[in-house]
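You will see two complexes here that share chain A, one where it goes with chain B and one where it goes with chain C.
Take a look at the complex of A and B:
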């Protein structure tokens, strides 16, 4: 077998341009597949991390009457959790309200959160440093859409627990920069204590964010959703994204495999005398078929090396500089403006397998013909 | 009396042609002894190459028995047939059939690679073979850089490097000019004498015939005449 690898290597290197064209196509396929894989993995990892850091923490304990996907449940979707059960939980109260930026009327969600929480990256410490009567935090996208900036005052109108309208000016204490649209767009964060006072919903909470040490126990009227459950949307979107990518991979692979198959089929006809010579020198037909199969497989091995040489600096660059994703903003998935691809060993190894195995198979198919070849006809170049 | 190393008994070879069959060899009986410098001669289509291919275990008879180095060709499987070619037979073709991506050295070395010889053994044997044919200084050249005569001499070196008992040469001078043809034939004759290698030619070239010690005339697949050339035999 070592001899066959040696011969295959010599044949491929000796074949010059024919070899390097195939290797070039295959290494391009490698780079594209690894690049996309890295991009999607980076997207997934960043989306997951952003969601955990900005929105869901270690999971959420939701009031049974509250459905995050149904705005009508906001009115009654809150309750009081016994104090002894609140350990390692950060309460959030959510109410609907209206603001009036520059004369416009904008419906928003007003969210009350603990001032001293640290589980989410929302800079709630700014509440304490603010002297405003009702300090508020908003995200960058919200700020952009309402044309608000830190220090601005704006009228907020809400209804208390009895449905009575009330209004007051709130002061923007800070603007945070997050990629998690679900805590940014159309939302204003204020201290929960203040919101409870404003709505007369003392001790009421819509949902709790679990911190890392939280141990779930069944609490009547409340439903715990683990981090895994809450990330199912991201996983679903990544799955859909990956299906699209797999189709691209398959198309690219099909082109590359066609190139190898074509080369191998042509080789059977163009290199007939060579095949006959191998046999006359003492190689078995099976050995010659193996030699051609190894040659085909070796295209992908060469491509691995070439792909690594050209791809590695490219991958390192993108892993550090990131890839801008302006067209992907506004999706349900918390995607950063810049995605930093992640190139894992498993993804790279599986890509190599994904290329080497089909390359070997498509090389073996025409090589099988060699094992049925009459050496006399081969020497004369008469095989059809 | 030298031993028979090739025995052809009632060998017939038929090829399917369209609906019918073409008989390339028809009940051929012949023996060759070790160290012979013999030729199968005859016009095109007489069955020379077919007989040479059967002896070279590249083909097998439709009927009859071809025994080469004690092995019945018809009974050999692909592996044994390959082993016979690798260990005992050398081939020289009309169009040289050198492997284009290999150097002269590597072309000659090829058969030894299949025999799993060590690097030292291979190098020694290859250089010795190239010296026999006068191409010791061209070891690193590619076949595309060689003249026709040089290419055929590389083919001879490749056939001889493993010291086979039998060398089968199919029209070895057909693509060579007269001077090169004579040079090559002289080289082969010398190797035949020095190494006692059996040389078996398939040819209709008068120049080759001039060197042969025995000529088996084939016509329409049958042995018409088996001629020992006394003058050469007594040399």
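Take a look at the complex of A and C:
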């Protein structure tokens, strides 16, 4: 076996450009696959972390009349949770309202949140430091779309619980920078105490955000959604993204495998005398076929090394500098505008397997022909 | 000093006494404006920043609970129909051949980008039932003497907590109105004109609605024909009529 490997190595190195062209293509495939995998894993990890830190905490306890995907439920989707059940929960009340930036009418969601909460990264401590009658926080994307900046006052119009209009100026106490569009675009955050006063919905809450120590009990009128449930959107997106990526991998692999297959077919055709010599010197036909298979497999092993040499610095650079994705801003999925790829050992090993196994198979297929060769004719170089 | 104060008080009382009973004024306004049923054709002129849009429609209403509107023009809106039953609203779009339901807060959204909300168009509750009123003075608008009334909601679910109305002293038509939020913030202004005699009542054929918080010249609501207490078959207020 050692001899076969030795021979295969010598043959490949001796083949020169033909070998390095195949190795080059394969190493390119390696780099692309590992890079894409890392990018998608980076997306997934960042999206998950952002969601947890900015929006969902350790899960959400929703009023059962409220459906986050149905705006119709906002009007009645709120209720009072017994005080003894509110432990380790941060209340959020959501109402619809209208603002008038630069004389335009913009429909928004107004969200009331506890001033002293720490589970979410929304800087609610700015409410306490503000002297405004109604201090408000908005996200960077909301600020850009409404042309608002910290300290600006803007007219807010809303309805109380009976549907009667009310209006007052609110003051932008701060602007936060988040990639989670679902807490940013079209939304204004104010202290929940204030929102409850404004709407006459004392003690009412639309949803609670669970703090890490929260233990879910089945509470009538409320539905608990765990962190895992709430992250299903991101998982779904990543699943779809990965399916698309697999198609690209498949195409790239198919091109690389075609190159190896062609090389092998040509080798067996052109190296008939060499095959005849091996058999004359005592190698069995199976051993010769094995030699050619090892040669094919060795392309992928060379490519692994070459890919590692060229790819590693590239991967390290992107893992630190990140990849800009400005067009993804504003999506409902919290994707950062700079994605830092994550390269896992499992992903790298599975990529190596993904390339080595097909390379071995496509090398073996033409090598099977050797077992049907007549050694005398092969020595004479007769086409078989 | 004491004498002057008493004189002023008596004078004030006498002047006050010249004002009519506000509820009777509102009742007369209601008599002009409300009816059991109504069939009307109207044009909405929505004044935009760059250009104006005109939307014509034919509407059928029965009390405060039922309303049916069919849009006649422009071509893009033609055939669009709206049905309101209590606090639910269905909109049928002929381009998609689909009916969608709006409810609750969606009724408070603007109609076709105008300064009117669906509620503004469809809320036909009598003023005297919803508001306490006080006559606070008299003025002249376009040569017509008007009473100035301040209205404060007496029910919890009034859309506007306060209103100020300028009511024609002879015809009992609201010629001008300001609508306020609970906080006292002015929200909308209405100016009515082209008051015409229709079936023994005075009715303003043109009203400009202006959301004062928004830029622009507001929306003109022009009634080209109107029939009060007409017989409207029940099927008009059914979902089946949306697709007819």
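By definition in this document, the second predicted complex is superposed on the first by the 382 of 384 C-alpha atoms of A that agree within 3 Å, B and C clash if a C-alpha of one lies under 4 Å from a C-alpha of the other, contacts with A are read in each partner's own complex, and residues count from 1 in each chain.
Definition applied: contacts are C-beta pairs under 8 Å (C-beta built on N, C-alpha and C of every residue); 3 or more make two chains touch, one makes a residue touch a chain.
This is a predicted model, so every value here is computed, not measured.
Colleague: On the A-aligned overlay, A:280 touches which partner chain: chain B = first, chain C = second, or both, or neither?
Modeller: first
Colleague: With the two structures laid over each other on chain A, which partner does A:76 touch: chain B (first), chain C (second), both, or neither?
Modeller: Second partner only, chain C.
Colleague: Show me the residue ranges of chain C that touch chain A in the complex, using the header's touch definition.
Modeller: 103-106, 108-110, 153, 156-161, 179, 181-183, 185, 187, 211, 213-216
Colleague: Considering the complex alone, what residue numbers of chain A touch chain B?
Modeller: Listed in rising order, the residues of chain A that touch chain B are 3, 6-7, 10-11, 13-15, 273-274, 276-277, 279-287, 374-376, 379.
Colleague: Hey, which residues of chain A end up touching chain C in the complex?
Modeller: The contact residues of chain A facing chain C are 71-72, 74-76, 96, 100, 102-105, 107, 155, 157, 159-160, 162-168.
Colleague: Looking at the complex, which residues from chain B come into contact with chain A?
Modeller: 53, 56, 58-59, 78-79, 82-83, 85-87, 91, 93, 95, 97-102, 106, 110-111, 113-116, 158
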